[in-house]
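The following blocks contain the structures, represented as structure tokens.
You will see subunit A twice below: alongside subunit B first, and alongside subunit C after that.
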Partner chain A sequence: MSIIATNLTHIYSPDTPWTAKALDDVSLEIQDGEIIGLIGHTGSGKSTLIQHFNGLLKPTAGSVQVQGIKVEKGINLRRLRQMVGLVFQYPEHQLFEETVAIDVAFGLKNAGLPREEIPERVEHALGAVGIDYETFKDRSPFELSGGQMRRVAIAGVLAMEPEVLILDEPTAGLDPQSRNDLLGHLRRIQQERGITLIIVSHSMDEVAAMVNRIIVMDKGKIYAQGHPGEIFRHGQELRQIGLDVPPLTQLMFALRAKGQDLPADILNLEEARAAIGKWRKGGQASV
Partner chain B sequence: MFNSVSIGQYYPGDSFFHRLEPRIKIGLITIYVISLFLLDSFWGYLIMTLFTMTVIFTSRLPLKLMLRGLKPLYFILAFTLLLHIFFTKGGTVLFRWKKISIESAGVISGLMMTWRLILLVMTSSLLTLTTSPIALTDAIEGLLSPLKPIGVPAHELAMMMTIALRFIPTLLEEAEKIMKAQMARGADFESGNLIQRAKSMIPLLVPLFISSFRRADDLALAMEARCYRGGKGRTRMKVHKVTSLDWLTLGGFAGTMAVLVWLGI
Partner chain C sequence: MIRLEAVSYSYQSGEEQAIKAVDNISMTIEKGEFVAIIGHNGSGKSTLAKLLNGLLLPQAGQVWVGGKATDDPEANWQIRQQVGLVFQNPDNQLIATIVEEDVAFGPENLGLPSGEIVARVQESLAQVGMSEFRQHAPHLLSGGQKQRIAIAGILAMRPQCLVLDEPTAMLDPQGRREVMDTVRRLNSEEGMTVVWITHHMDEAVSAHRVMVMDQGRVAIQGSPREVFRQTELLESLDLDVPVITRLGQLLARDGFDLPPDVLTVEEMVNLLCP
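And now, the complex of A and B:
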């Protein structure tokens, strides 16, 4: 079971002056339990791609299969959307209910879940994003802080217990502390539930350390994909399509450019520290 | 789903009527409407129809567009026609059945009234079709500004209209985004009876209201920060100037109409 896109093309407003090809012959496969970083700058087609995964958009040409269901007209969208949880950019803008608990339960009610099961699911979902159920359930979502609002909104999708969780720029506009908290929660949710996690971002830095695979999109096509380390080795080409590799990788590149023997596929601070330590020992030995 | 909504009905072009100063255009149409009610004969209507048709054709407005503008009025037009046919009496009797009769005066006045209504709507829509919304607000401000001394907030009204127009596309975009987010949570906007559908709009409307208020707040703050202080002493980027050709058009049209009314056509 997985997500399979075959020759997927999507054209907005076809046959009008505003026609725009957002996806151009995209083929890809995402396995169960994978953590994917979907990277590309604005207008590269990443948001269009993910909206096909839960049936908000339908392919103009080609096909998308999610867990064996082909996304096309007339399918059971409710089931698909329960299976594939999609969290949009700035999800806190979708909050509308009087209390946090009722808002998180919105999706569950729509899914027709028995009333007595709802509170438990809500509590579980809020707990997963680090919001204490007893303290927050009766508060208005509009009196929370920005980071809390965002986590409540994500809980609203998590409560449906999707097998695939897609987040569009989940950390946009958050301060570093809330950003790290949120990414930590996501990592833990993925590990505990073994779900497929797709994080859309325009920043390599953010996703590098936590994903198995990066898919780089440019102008509606897949530009490159692979393990983060592999992708970062092509830092120069990435810069040409308007993307930057993380600062640590840039540092390694700069040192390598000066003729130093350092790996080009550094992903986090620990790896960098180890590599630099090794390099300095090596360097001292040769002096 | 919101792509089909066009903002206002402005149909861009570069014709004589497009280029007329917006205030003059409002003046012309006002005179036209007044004359239409003063004139009361077949020949009078024919001349007015010719005026309207000339403007439509020289402005290169598709006739289809004009007819589509009449669509919401089909019911009123039919109602007016039938009312006159059955209830205006006079002339020869064309048809009689028990107590109901159709007489020639009724048919004639029915047709004339319907014709008048069609001309009225078509011609007033020419204003919005050939003038961009921004030019129109400027014109309204210009026309209202003599009333400022008696407390009419001309500039504020125009500013409100401009801002409202500016935010229509933004709000539509926002609505679409929220709708998609709620659909991802299983919301259903399309099925159910009227009450269920109205209820299903709550998850869309509440966030939309909240974001509108937030936007309004932000905008007010941004305007303050740039020292916006209302109308007094503000200059415009685009100055609409009334040319002698504009005055000539207005004068000529007003003169023609006066003569027609005076002749009693």
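And now, the complex of A and C:
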């Protein structure tokens, strides 16, 4: 079992006028090798939740266990953080070294990895996100495009070879091409290494195609969870908690509202195309 | 309102060859128009935005705003007042600790009398629907609210044109809707000229005109319908077509009687189930 949260509650600034309950009695289990889409409106608690998974935050009440380690005061954070790689929003803002290779190696050096093992790990991590080591290793990270910078920053976390990889809004601000590239790399990394992958996003549409399970958060609680198709079926409710309903789901709901027999849980263009084709045929047969 | 004549702009990066960010572009933006500019990163759209109000000056050609050239030093201040620029990250655009002070920053720099400043701040906040937040601290607002405050700060300068460079890229879906609705209303009800730069195709659907940029040039332009029916060309430029448009084209291939330029869910519903 990769991650177990039991009755997890987190309160920021307790006993002050600014106190805020960011997580409210959350229980969940994430299995090894699962791909999770963690969805929610800003302020829903999703960032607070993932910060418990690598020990940046500790529970106010309840408990979190990650790979068998209980997240509490006095734990070995170094060991936890080697197992759980957390990529923040806009990770490229954290690039600072002179060259791409040195930047990606930063965590490895701090972890005390033997010097001769470092270049291979760096090359491997850059390769995993589609950055050619020989071409880029001596370049300044600040000369790269936005999408490349982001991938280099992610490589810095991958180089630690985490068993759980968590990315907070990994595609925010990227153009469609860079976004698809990045998601493609993440999918492949997950398949090759069999790691647990958690992607935090505002957009259900974006994660639907690649995750096993979507967890929707609202007001510090788990609002819904399940296979993407099951979640999409609740499209209208999700709009009310500030989430985007993909246009194809909106279309299906609008047609159903007109009394048409169409599925509510389509995930992509091909499914919509097939469902509408079938609906049309069924309609003609019954005339 | 704004006219570009054969405008070019290049960036010099180290020893390497100059990169032509904007390459011989001529275009006109009419008063009251809503123009969406789309293109992938590096296509030149942000450079174009900065050329529109004289933040960058053309290296070749000329940009005219209301009859004045942006490279005329005497007109520079007036032009920046007329064409207001809103950027991607609202946090980089807010400076004061109270919303109304932030909005007042521009008019104060114009040296306006205080009564006029107060009036403008009130009016601008009302225009973006943020009046009730005038005493709040900007950093405690949501992304969409912050971006609307940034827009109010520009409106307080009484511009004739708003240029917004990916104003929703860092916002969540609700913030995106807030900012889009605010700017659409400024355009439709108050006649504000809008240049909206984005890579979200669905944000371009309601524009009067869509310009697609690629390698510093205008690759396609026209009404959203004219542009989005050119699926293959857009895909060759690494751009998505709105998913509803794409669905319409696929269904047409399957024998449905659908045009290649269905843009919205409502249209599609009415076509499939009249």
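In this section, the second predicted complex is superposed on the first by the 285 of 287 C-alpha atoms of A that agree within 3 Å, B and C clash if a C-alpha of one lies under 4 Å from a C-alpha of the other, contacts with A are read in each partner's own complex, and residues count from 1 in each chain.
The definition used in the following text is that a residue touches a chain if its C-beta (ideal position, glycine included) is under 8 Å from a C-beta of that chain, and two chains touch if they have at least 3 such contacts.
Treat the numbers as computed from the prediction; the structure is a model and nothing was measured.
Novice: For A:37, decide between first (touching subunit B), second (touching subunit C), both and neither.
Specialist: neither
Novice: Residues of subunit A touched by subunit B versus by subunit C: which partner has the larger set?
Specialist: The partner with more contacted residues on subunit A is C.
Novice: Once the structures are superposed on A, label A:59 by its partner contacts, choosing first (subunit B), second (subunit C), both or neither.
Specialist: So A:59 meets neither subunit B nor subunit C here.
Novice: Is A:244 touching the first partner subunit B, the second partner subunit C, both, or neither of them?
Specialist: A:244 contacts subunit C only, not subunit B.
Novice: Answer with first, second, both or neither: which of subunit B and subunit C does A:156 touch in the superposed model?
Specialist: Once the two structures are laid over each other on A, A:156 reaches subunit B alone.
Novice: What is the contact status of A:141 with respect to subunit B (first) and subunit C (second): first, second, both, or neither?
Specialist: neither
Novice: Would you pull the subunit B residues touching subunit A in the complex into a rising list?
Specialist: For this pair, the touching residues of subunit B are 3, 174, 177-178, 180-188, 202-203, 206-207, 210-211.
Novice: Which residues, counting only subunit A, touch subunit C once they are in their complex?
Specialist: For this pair, the touching residues of subunit A are 41-43, 143, 145-147, 172-178, 202-203, 242-244, 246-248, 250-251, 254-255, 258, 260, 269, 272-273, 276-277, 280.
Novice: Can you name the residues of subunit A that touch subunit B in the complex?
Specialist: Touch residues, subunit A against subunit B: 13, 16, 18, 51, 54, 56, 78, 81-82, 85-88, 91, 93-96, 106-107, 110-111, 142, 156-157, 160.
Novice: Taking the touch rule as given, give the residues of subunit C at its contact with subunit A in the complex, in rising order.
Specialist: 13, 40-42, 88, 142-143, 166, 169-170, 172-175, 199, 202, 238-240, 242-244, 246-247, 250-251, 254, 256, 265-266, 268-269, 272-273
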